[in-house]
Structures are given as C-alpha cells and as structure tokens.
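Below are structures written as structure tokens.
Both of the next two complexes hold chain A, though its partner changes from chain B to chain C.
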Partner chain A sequence: MEKLESALNEILKTGKGNSILLELDAELYFKTIIKAIKKLQKKGLSGIYVSTQRPFKNISSLLKKEGININKIIFIDVASAASKEAQEKCKGCVHISPELDVDELVEAIYNSAEKMKGKKFIFIDSITTFALYKPISESLRFSEFLISQVKGKKDIILILNVAKDLSQKKFIRDVVMRADKTIEIKD
Partner chain B sequence: MIDTKKLKAELEDIPNDSIVLIETSAEKAMDVNLAVMKILTDKDYTGLIISASRPCKNLLVLYEKNSINTKKVMILCAVCKSQGGDAKNTERVIHLERISALTEMSISLNEAIKKTEGGKFVFIDSITTMLIYNKPNVFAIFIHSILTKMRMNMVSGLLISIENETNKDIRAEIAQLCDKVIKL
Partner chain C sequence: MAQKDKLSVGGQYPQKSSSTVLQQKTGIRGLDETLNGGIPKYTLTLLAGTSGTGKTIFGFQWLFAGVKQGENGIYISMTEPLFMAVRNIESMEFYDRKVIEQEKLRLLDLKEILTYGKIDPHAILEYIEKQVKENNSKRLVIDSITAILYALNDKAKIIQFMFELKKLLGALGCTTILLSKVTEPKKYSVYDVEELVPDGVISLNTSIGENQIVRNLQVIKMRGIDFRSGAVIFDIYSSGILLYPKIPIDRSVATTKFKIRLSSGIKGVDALCDGGNDGFPQGHVIMVAGNTGSGKTTFGLHFLIDGLKKGERAIYIALEESSSQIKKTALEHGWDLEKYEKSGKLIFINPDLIDLNTDKLLYRILDAVNKINAKRVILDSISSLESATMNKIKVREFLIQFSGFMKTKGTTSMLTYLSEEAFGAESGQLIGSGSSSELRLSSIVDGIILLRYVERGQSVAKLLNILKMRGASHNKKIWQFEIGKNGVILGKIFKR
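On to the complex of A and B.
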C-alpha cells in the first residue's frame, strides 16, 4: 500500500505517470481494493468504478459497509450486462448493453468523467474478467485507449486491476508495457 | 479429518450473500461437503448442490448417515445421466445431461433458486472436477455468470476446489471473484 500511496502523491503533485496497473493477491483481492479506494477518497478524488466482477448492488453495498462514500463514485455495471441479467435503474449506476462493446464502455466512462468535478480516478476491476467475455485484441484496445486518454491529464488517475497469478498472461504483459507504473500490493 | 470448528467459525462471520471458495485436499473434500451441509442446514438454510463429483444417490445416503436434514437439500446431479445411471428427477434431485452442459446447469440453478423459499445457498462440488470436463475459459465465464446471478438474488455460495489440482489461472480468476478463501 505504501507504493500506491507514494505513486498517488507523485501523480497528484506532477500530473505524470497517471496510469497504474495494480497486481493484487487473488485471496486478498477485495480487501485490497477497499483499501485502495479509501486511499483515493482520502486524497479527495471522486471516481468511476468499472465493475466487471460484481453487480452494482453488491459492490455498492459492500463499499458502503466499509465506510466508503459511494455518492462520490459512479459505477459502471459490466457484471450484470455480461451475465445478461435484468438491469434496474439505480442512482449512481450506469448500465451498458450485454454485448460489452468497447466503444460503448469507453463512452460510458467518458460521459461519467464529464459529470465529475475536480480530481478523479477510473478504477477498472478487472481487466482479466473483462477479457473472459471479449477477444484479447478488444481487451487490449480497451486498456490502451484508456491509458492514452488519461496521459498528460493532471486531474485523472487510471487504475487497472489484475490478480497477481494472472499478471503473467501475455496480454497483461502488453498492458504493463503501456501503463506508467505497475504496483504489486502484498498487504 | 477436517477442522470443523474452524470451518464453522469461518462460515459464522460471513454476510448472507457472500461467496466462499474452500480449498482442500482430494482426501478431505467429502468431509468438507458433509461439514458444510451440516453447518448450514442446521441453520435452516436450504442447500442447492451442483454435484459433479458424486452421484446424487450416494450423496443423499451420506447426508442421512450424517444426520443432515435432506428436506433442506436440492441436488443438481451432473453425474448420473452421463454415466448411464438411474436418472429420474425427484423432489430433491434434478438430473443434468452432463458436467459440460453449463447452459442447462445455469438455467436449472436459476429455477431452483426461484423455487426455493427462505434462506438458501449454492454449493458447487467441485470446480476441479468441472474443469476436467469444460474448457477453462468457458468454465470461468459460467462461474462468473452464476456468481453474478446469485449476488443479484442475495444468495450465498460455496465452491470447493482441490488444492494444487485446479488450473492456476482459473483458480486465480475465481478466487478474485469470491469474498473469502478458506483453506482446510
């Protein structure tokens, strides 16, 4: 967590290196995410949480239980779309269509970011789960596009999550090459 | 023998709609199955079991022997039909064509969830066996999809995985989807 702390401090100070790939222990995955979000909020950032792993109701209630201010987060519910579940309209949640079209998803992220004032983060949870449903080329295009979009912007931090055991996958190595930093979190 | 006290304590402090991955050895897997069923059915939950490891008849006999209330059990048996065994559906058993019939499994599970009143949990025994019969990527999508459906319906889930015998990538993909990983 210290590495993430210093990386965030550097980005917020200099505006440089604002795309981060987080390698998380699969067993402590969600606990680590909570810590990371808390850290981001403590630094005054609002955020966009692209949730491919958990549906909106689950992720938002768990984060709320952990004391995270979910009013400062817009959730993009990819998990419900991927499992083709009925999508209820909820405050703070953006739905996308079950095709999981990369362009539609990028547009949803962009539009959500536009609605937020001040410094913000985009949290992709996770890129490997997204890749279960889309060809590797599309998942890579998605990551690359986001990385290129945030480059040089002082008010935005992009965080892409990946479980440590999956970080050796070929396409994740490609993402590592393009992201500004890779941080392995052990605690 | 497994540490039942530890398992009981681990299952005690998890919220209702949590998903738990239980990693154990092949030798202990059946004991884990029986212990989980005993702990949760005693709490009045109904267990919806996807059984890929043992035929339903065998499971029901073992449950009765271990004083598990079989009225609180619904087995989605993926073993009998594929082995050419007796495969008549009953009040407590739904037979699936085979372990690789994931769409049928998903539909049957959804129906069982809807039909079952009161507290319930889904119990998958085991992801290791299911991975023998399914392509890893297809199986990971199936697990992600049913876990999402369970979470949307506030249903808890337990998945058994045999330690060191489950495809490493898929194990990591599934572990990160779970709320807790218990090693027994």
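On to the complex of A and C.
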C-alpha cells in the first residue's frame, strides 16, 4: 500500500509516469480502491470510475459509505451493460450499451473527462473483468488506447486494476506492461 | 530425422544424407513435408515477405502448434499495436484464448523501446532472455526484426545483434522465427545482411492471378537438413496456412491387383478389357478419349454408378460441367447421385477453373479419397484442366502424381479426354488418329478407350475400341455403340 501512496505522490508532484497498473489481491481489493480514491480526492482531483464488476447503485453507495465524495466522480457503468440489467438514468452515471463496444466506452470516458475541470483521474476497475467479456484484442486495444492517450498529460492519472487471483492475470499484466508503473499490492 | 509424410500414402522424398538434427513440427500442413520433418530445433529462421503475405499468421500458427506439443512460446510485437496482430488471428481455428490466458503463449509489446529514446540492443537481449527463461519458452517469434534493424541502422551492428540473438536463444534451447518485412518480393531483408546469420530463410510471396492472389512459399536455406527447394503454393484459410508441396509418391508400392476387377458398368465392355477377366484391374488409371459429344461423361457415370450401387465410395472431379449439371444428366439416365452424395458415399470436387492450381487440386482430391476411402475416381476432364491452366506440362506432372497416388491407394480411376481430332474412322485411319496429346499421356495411364464417330449415310455412328489395357489381353476390335435413356449400349463389331 505504501508503494501506491508514494507512486501517487510522485505523479502528483512531478506529473510524470501517470499510468499505473495495480495488481490486487481479492482481500485487499476494495480497501485499496478506497484508499487510492480518497488520496486523489484529498489532493483535489475529480475522477471517472469505470465499473465492470458492480452496477452504479452498488458501487456508488459503497464508496459513499466509505466517505468518498461521489459527486466528484462520474461513474461509467459497464457492469449493468455486461449483465444486461435495466439501466436507470442517474445523475453522475453514464451507461453504455450491452455490446460493450470499446469505441463507445472510450468515447464515454473522453466525454466525461471533458466535463471535468482541473486534474482528474481515470480508474478502470478492472481490466481483468473487462477481458472476460471481450476478445483479447479488444482488451488490448482498450488498455493501449487509454495508456497512449494519457501519456505525457500532466493533468490525468490513469489507474488500471488487475485482479491477481484470476487465471488470466499474468496475461493482463503483460499486455498492459506499457503502463508507466506496475504496483503489486500484497498487504 | 525426417518424419513420414502424413499427406501421402506413398512415402517421402529421398534424403541426401542422414542427419541427427532434431526437428520441430511446425503445425503448418505441408511445411513439415517441405522441410522433411520441420524446423531444426534451437535455430534462428528469417521469415521474409512483403506486406500481406501471411507472416504474422505463420508465426502465430507455429506458436500455437508448439503449445499443443507442450512447448511454450512468446510473441513479441515490435511494430504494429499488439491488438492488431491478435485481432487477425482471433478468428483462426488454431487460436486458443486459454493458451494466452494461461501464459503458455506470452504476448509482449516492445515497440515502445523503439519509438521512444535510443535503442539499446543489450537491453533487448536481456529482456528477451528474461522472458524466455521465465516462461520456459521453446518457441519465439519477433514481429518484426526489421523494426530493430531500422533502429540500429548499421550493417555491422545488425550482424553483431543477430549473432548475439542467435547465440543467446540457441543456448536457451529456444527456436526462433524472425519476421522480416521487405518491399520487394525477391529480397529477404532490408539491409541485405540479415539473412547471413540465421540458419534458415523462408520467403513468402504473392503474385496477382486472374481472380485471386496466388501465394507461394520458398525455403531458401535451412542448415542441417535436406529440404525441398522450389516454390510451393499456399493458401490461408480459417484453419491457418496450408501448403501444397508436390506429393512424394513411392512408385514401388503400387497396389494394382490384376485379379480384382472393377466393372465399367456397361454391359459388354468389361469383356472387351480382358477375355477371361471382366473389367478394369483394380488400381488402373483408364483414359476415355473421344470427340465432343461422343459419350465420355456417360462412360464415367456408368463406372461411377456401378461402384456406388455395389456400396463402394467414389469421387467425381467435375471440371467440364458443374456438379449440379452432372447430377441432372445422371438423373436423366435414372441415376440419383444426390442420394449417394447426401449419404457421404460420393464427393463432388467442383473447383473454380480461374486461377486453378494443379497442386491444390491434387490435395483436394487426395483429401477426399482419404476421407471416404474412395475406390473409384472420375476426373472429367483432362482437357478442361489443360484449358484452365494453359500448361500441358503442369497437367502432365499432375497426372503423374495423380496416377501414382491412386496406384498406391489401390483406387481405380477414369479420366476423360477431349480428342483434338474431329471425325475419324475413314478407311485405315482409326488407330492412327489418336491425337499427339493422347499419345503423350499414354505412358501415364494404364488403359485407353477411344470413342469416335464415323459417317454412315446421312448420320454418324459412334465407335469405341480399347487401345490399351496394361496387363490384360484386351479386345482389339472396333465396336459400335449407342447412347440411350439407359446409357451406353454396346453394339456390334464395326464393319466398313
């Protein structure tokens, strides 16, 4: 966890190396996400949270309970689209279509980022889950596009989550090796 | 070292020398046969080709085949985004997502190293070494080496890098294929030195056909093994790359059986083949030659339906007409070929005659014969093959291989041939009127049945005679025949 804190501090200070791949254990998964977002919000960053695992209502209430200001986050609800659940219009949430089209998702991220002023973060939770729904090439395209888009931009931090305990985690780690930093959270 | 050729029943090309070189099956059908067993292990091979020749598919197919054989692999992308390379193979049948997820095939993207900052060849070598060791990889593809070489941009440095790469990977027990993008089909490299270091060089090329791209592969060098030189046609299907090398036929294992006879299906004709034994010897290649409309196809259909009715399986290669037309014609005689086709006892091969390649056609025929263990094959006609290819030498080569294969399988075949002569049967002309083409093919086939016309008053009559039937004491007389509702009806001996 210290590694993550120091990495975030460094990015916030220098603006360099702004894409991070987070390898997370299942037990530490949520705790780490909370800590990272809290830290970023404390530094005045607003953000985009791409949720592939939990629908908007679930993830937003969980984050709110943990003291995170969800008004400063735009959620992109991939989970509801993936499970083909009904998508209610909610303030602060962007839905995408059930096809999980990468271009549509990227456009949603881009448009959401446009609406935010100042420094911001993009939290992809998680690439591992996204890869379960899409061909490997599309998962590669998605991560490659995001990493290349934020490279060199001092006002954006990109965090890509990878679940350590899933079978394909190594593959994911390798394909997003172009992220500036890979941080493994163990304890 | 060489593995038995899976594609042929006949055997394999002779080896120039014995060798103890270990070879690695490529998993690319036809390539192992071309290489007499596969790529030598622990070697470095340069796979050169212009854009769109299939280098990346080749690389991935080889890697996935390795995993199936228990050999982990690594694919390193140096130029194109990794997702583009992967997207191209996701629809291929050899693609297996689990193999990537389980890291038996590791995908790596190294183009960043070349795009940003100066190239450090040692860092690349160290990185590759680390990855190969970590993954215990036995196969590695670098796509493409050209990108690194452009970055090095110095012939001496390029050679040194290639030597170090070869030494490193050989020591690690890893067999490597370096993809080389070239701009001219006859080149193997950009700097003209890359091909000096690798143990093997394979070139992929394309040329423009009338209706499609014609692809060919040529093994330029492959140290330590004897390989088949010369260009080999290949295609890319959803199953992957498929080569069509010349099929080695061991002519010493011909299984012609003179005591087992196959009926022509025409009453009276069998007896003409050999007085005592009726029909064609099993394994014989019979050519039915004749003028247009003389009944060649009907002879073929008789032979076909006779076998099918006896429970044998058969192949009909329809080059003259479409298979649907053949079926309609057969139905007019009361023969329902559709029924046999649906039950899997009959396979029609109806290739596109534009850009027809005889090697590819031969593979289709062999596959079909092997698939259903066909006992009879009808090829209608050799003349169409000649017209389609405009190359009589190629057709002759095709027939030599065709005949050799059928003999090793013990399959009896009937080939039809359109005679160049229009009308024959003038006095003293009959026997001598076989065209020069027919006579050139005579050495390839075992039997020749000549069909022709003779003017009789205001009409023409049809005649047949058996010109040749190897190993049989065939009837030498000229016979009249007619074609009616029930097919061919043999008549009397022709009298002038």
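Basically, the second predicted complex is superposed on the first by the 177 of 187 C-alpha atoms of A that agree within 3 Å, B and C clash if a C-alpha of one lies under 4 Å from a C-alpha of the other, contacts with A are read in each partner's own complex, and residues count from 1 in each chain.
The rule is simple: a contact is a pair of C-beta atoms (placed from the backbone, for glycine too) under 8 Å apart; a residue touches a chain by one contact, two chains touch by 3 or more.
Only a predicted model underlies this, so the values are computations on that prediction, with no experimental measurement involved.
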When both complexes are superposed, which of chain B and chain C contacts more residues belonging to chain A? B
Of the partners chain B and chain C, which touch A:18 in the superposed model: first, second, both, neither? neither
Name the contact category of A:55: first (chain B only), second (chain C only), both, or neither. first
In the overlaid three-chain picture, which partner chain does A:83 touch, first (chain B) or second (chain C), both, or neither? first
Name the contact category of A:178: first (chain B only), second (chain C only), both, or neither. second
Contacts of A:135 with chain B and chain C, given as first, second, both or neither: second
Quick check on my understanding: which residues of chain A belong to both its chain B contact set and its chain C contact set? none
Show which residues of chain C lie in contact with chain A when the two form their complex. 81-84, 86-87, 90, 97, 100-103, 106-109, 112
Interface with chain B, chain A side, in the complex: residues 24, 26-27, 29-30, 53-55, 57-58, 79-80, 82-85, 126, 128-129, 132-133, 163-166, 169
Which of the residues in chain A come into contact with chain C in the complex? 135-138, 140-141, 144, 167-168, 170-171, 174-175, 177-178
Inside the complex, what are the residues of chain B that reach chain A? 17, 137, 140-141, 144-146, 148-149, 151-152, 168-169, 171-173, 175-177, 179, 181
